[in-house]
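Below, subunit A partners subunit B and then partners subunit C, in two separate complexes.
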Partner chain A sequence: MSRLRLLSGPDLAAGSEALNAHVQRLGPLPAVGPGLFDSVERSGLTGRGGAAFPVARKWRAVSAAGGGGALIVNGAEGEPQSFKDRTLMSLRPHLVLDGALLAARAVRASSVVLYIGEEHRTAQVTMARAVAERPEHELRHGRVVLAPARYVAGESSAAVNLLNADIASPTTRPPSPHEGGGGRLPTLVQNVETLAQVALIARYGADWFRLAGRRGAAGTILMTVAGAVTSPGVVEVEAGISVREVLELAGGATQQVTAVLLGGYFGSWVDAASAWDLPLDASMLRERGLTLGCGVVGFLPVTSCGVCETARIMEYLASESSAQCGPCFFGLRALATTSGRIAQGIADPGDLARLERWSREVRGRGACHHPDGAAGLLQSALTAFATEFQSHPAHMGSQVA
Partner chain B sequence: MSDQLLWYTTRGAGAVSLVLLTLVVVLGVLSSLRYQASGWPRFLTPGLHRNVALVTVAFTGLHVVAAVVDPFTSLGWVSALIPFSSYYRTFWLGLGTISAELVAAIVVTSLLRRFVGRTAWRAVHWVAYASWPLGVLHGVGTGTDAWSAWLLGLTIACVAVVGLATVYRFIAGASDPLAVPRADFRARAAKRAQS
Partner chain C sequence: MSKQLAIDRIRCDGRGMCAELLPELISLDDWGYPMIASGWVPDQLSAQAERAVRSCPVLALALRSVPVPEDP
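On to the complex of A and B.
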């Protein structure tokens, strides 16, 4: 992969890039003019936290609502298989801070908050050190807020709730943070990778951004490759490349791959044959009813069982409920217990039909999107592993993708 | 003799309906507290509430039909359908008519739940709670046997059971079933010390 952008520069093994090296390589922080909104808009940049919301539209909403709120630099990365946000913060902290300053100035945010997972110590230390290096006054008043190590804590409304109400519980109740949710000042919550992309777009423009990308997709994306691959970890790829190409970038498969988990735990299982040629781009996947999520691609080896793996993920997601509503707390618990029974080979005859019905019924009923994401994953598993779910033998010690 | 049989049937089915309707109300109250979710036997579910309710409908129907076709009373179908239209104990019989129609409304909306929507179905269910006190009053006011010791005892027992269930519903129902897990999440997702 020759088109490294976010991760270009010094050898990645050398660790975080210092401010002077960063400025020498990329030049100083560009001034923010009216052109930045247009560049971001023409680039087509979408959020890289998982929802792929158009960045320019979010910025315009915050500006239209008057600005003046906080910019939350979202590096919480609650997705268990994802490492790209903490990797980016640990290696290129100044690219993230550049993007944060540009965004904060563009939407006239009053303060900058760095929101980093409490368990991601390296990222915390690197970002704090990088902030100390910066001369900009916005960052001197900036602060680091630690995200609780919960799956839901990285969701943008959860981040806002943690700042405002001291509890990282997500919500779908409108208006959303960028529209001034909860009677507060409009808050811009933006993923760290998104901001790093802004730092490059501000320097090189939208046309440059769109030079990268295949099959009509634009820019590069950071992906975390997991599962049965020779070198799992974070790679920067051109948007729109295929699942097969990402597998090659990660050194190829260590075993025969039977299925691919696209987009993390709120994503979808796709059987390997259908997965190889899928384009890794948020909007192209959405057209196919799939999601890129925060860029996790997991490869399930033939020695692992998709049913067992799905049951394990459902158990995790049920235990990560914020218990705001019954559909999530009781519904996901029921989905997890029932898929667990099938995985253990002790299922009732009606369990599979129940799973299918419940995973349809629970969607759209939650106080946030947590039950939707979990039910979506289960539904994709029921399709991708249809035969395995129908007659699943009890087997212990199956490997985790 | 057939007159006698119909008359006994009317009274018997009325008493059975009272007991069954009481059971339905109690099961409804208990299932609204989600007993099936806290380790109770699986038979104590909304399914039981529904099945007992259907048996109640059958006995209520028998009670009404037997009363109407009884040539001795000659109540007529009109008094079974239009409340307070009966020459015989106009008021008390009218209460029974309303009570039976409320039960019928639940049956109809439950069968057509897909079409009437959840909100309307729920609203009908709430209004239909009234069928129980109306039925009790109808039994006390109209009942030939109302002041016999056994039916009086039965009525008092039914009122007591529903009263207890309702009181329990308000005490236990006030507690949030999600309170404990929510507090647990709060403890694990609260703001940490800032660095």
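On to the complex of A and C.
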């Protein structure tokens, strides 16, 4: 597909699009009628923050619970390899704001909170400038809140917790933010890319949205391509294109690729031969036990070691536990230490068996999905790099996938 | 009515009372935190399960009659 959607318009190198250019190109913000829920539903749009939850269902849940809470525009983007949310905010801030205003009106949110990673300076500045360009009545109750630079800060209950209690740690579910409960108003937390898609669906409709997409998938997705590719970075692709095609869009591989990390640090390692034809679509990957996550695809070159890479990621994820739930805090620490021993070639005889057992046991045993994501990544590594885990020589210092 | 055991993972401190009182359904992991057998609590264990819930010193264990909905 040569025609971009979220990233169409003026040359991307020119930076952020101003309000007048945005309105000239796309027309004014459409009015919100009852049809918007239906359009969003028929489009099949799912959340682009990682969980791929159906957007219309979340909106209906917030509405059914009475609405009235904030709309949290989630641009925390805590995934270290992901750049697509900050890129979108930096280049097309008014698309994000349009979607936010539409969603806020649809679910009767009382205010709009732009939740942006504290380290994402360009995105913050661009979004704040975009808010200032808007007519005063549109975003009277809008403000920017900085997300702490932690992996879990973008988790929806953590975002709500930061607003309520000044701490960006996840809380126990139920109730989920969209259900309200505990004296709190139902809150819609929605990723920035998801909202930008809503801005286009509101203008052009569900059928138009579904014109893009291969093999039955709908719409476009922003992906971050990382690792051994000629041009790493953010690309907008049709949902359902293959891993091979996304590699071509990134200029091809710089070295032989041995494995692909799909879906970021909560995702899965897949050996290269099995990866090439996989469709990049949330539901099609889920059917295969994989995840699109927030749209990161990392290509591991033959010169890097999958075991060392995995050990490094597990170390990161263990240190990013919010340390609230025992199985996550102790379990991920143990998984990281043990993978580290294997990577360093100083493993105890029982280490591999322990990794296998613990990675099964910690799943589903946290308030949020942090332990599930970390354990899933490790389990995929134990399969994709089975031989390497069995007999790993002592070497550290592989490069980032 | 059939019920399911549910743990508030943030509250749970790994005291281990539940596994003592309901070893049929609850075991402890290597760090002392409970692992619950999936599914409904069988009728013959419901009294024991209620005792385990009442005995949790940090009130982290509960019996729920409604399954937790799918959630983003």
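Operating definition for what follows: the second predicted complex is superposed on the first by the 393 of 401 C-alpha atoms of A that agree within 3 Å, B and C clash if a C-alpha of one lies under 4 Å from a C-alpha of the other, contacts with A are read in each partner's own complex, and residues count from 1 in each chain.
Definition applied: a contact is a pair of C-beta atoms (placed from the backbone, for glycine too) under 8 Å apart; a residue touches a chain by one contact, two chains touch by 3 or more.
Please read all numbers here as calculations on a predicted model, not as lab measurements.
Because the two structures share subunit A, they can be overlaid on it, and in that overlay subunit B clashes with subunit C. In the superposed model, A:Cys325 lies in contact with both subunit B and subunit C.
After overlaying the two complexes on the shared chain, residue contacts for A:Asn191 are found with neither subunit B nor subunit C.
Contact with subunit C, but none with subunit B, is seen for A:Lys58 once the two complexes are overlaid on the shared chain. Contact with neither subunit B nor subunit C is seen for A:Ser339 once the two complexes are overlaid on the shared chain.
In the superposition on chain A, A:Thr310 makes contact with neither subunit B nor subunit C. Residue contacts after overlaying the shared chain place A:Ser176 against subunit C, while subunit B stays out of touching range. Contacts of A:Asp166 after superposition on the shared chain: subunit B is touched, whereas subunit C is not.
In the overlay built on the shared chain, the residue A:Gly47 is in contact with subunit C alone; subunit B does not reach it.
Once the two complexes are laid over each other on the shared chain, residue contacts for A:Ser156 go to subunit C alone; subunit B is not touched. Subunit C is struck by only one stretch of subunit B after the chain A overlay, and of the options 81-89, 117-125, 135-143 or 171-179 that stretch is 117-125. According to the touch criterion, the shared surface of subunit A, contacted by subunit B in one complex and subunit C in the other, consists of residues 324-326, 330. Touching subunit B in their complex are the following residues of subunit A: 118, 124, 128, 143-146, 148, 150, 152-153, 158, 162, 166-169, 321-326, 329-330. Partner subunit C is touched in their complex by these residues of subunit A: 47, 51, 53, 58, 156, 171-174, 176, 178, 324-328, 330-331, 334, 358, 361-362, 365-367. Residue ranges on subunit B touching subunit A, taken from their complex, read 37, 177-178, 181-182, 184-186, 188-195. Residues of subunit C that touch subunit A in their complex: 8-14, 29-33, 35, 68-69, 71-72.
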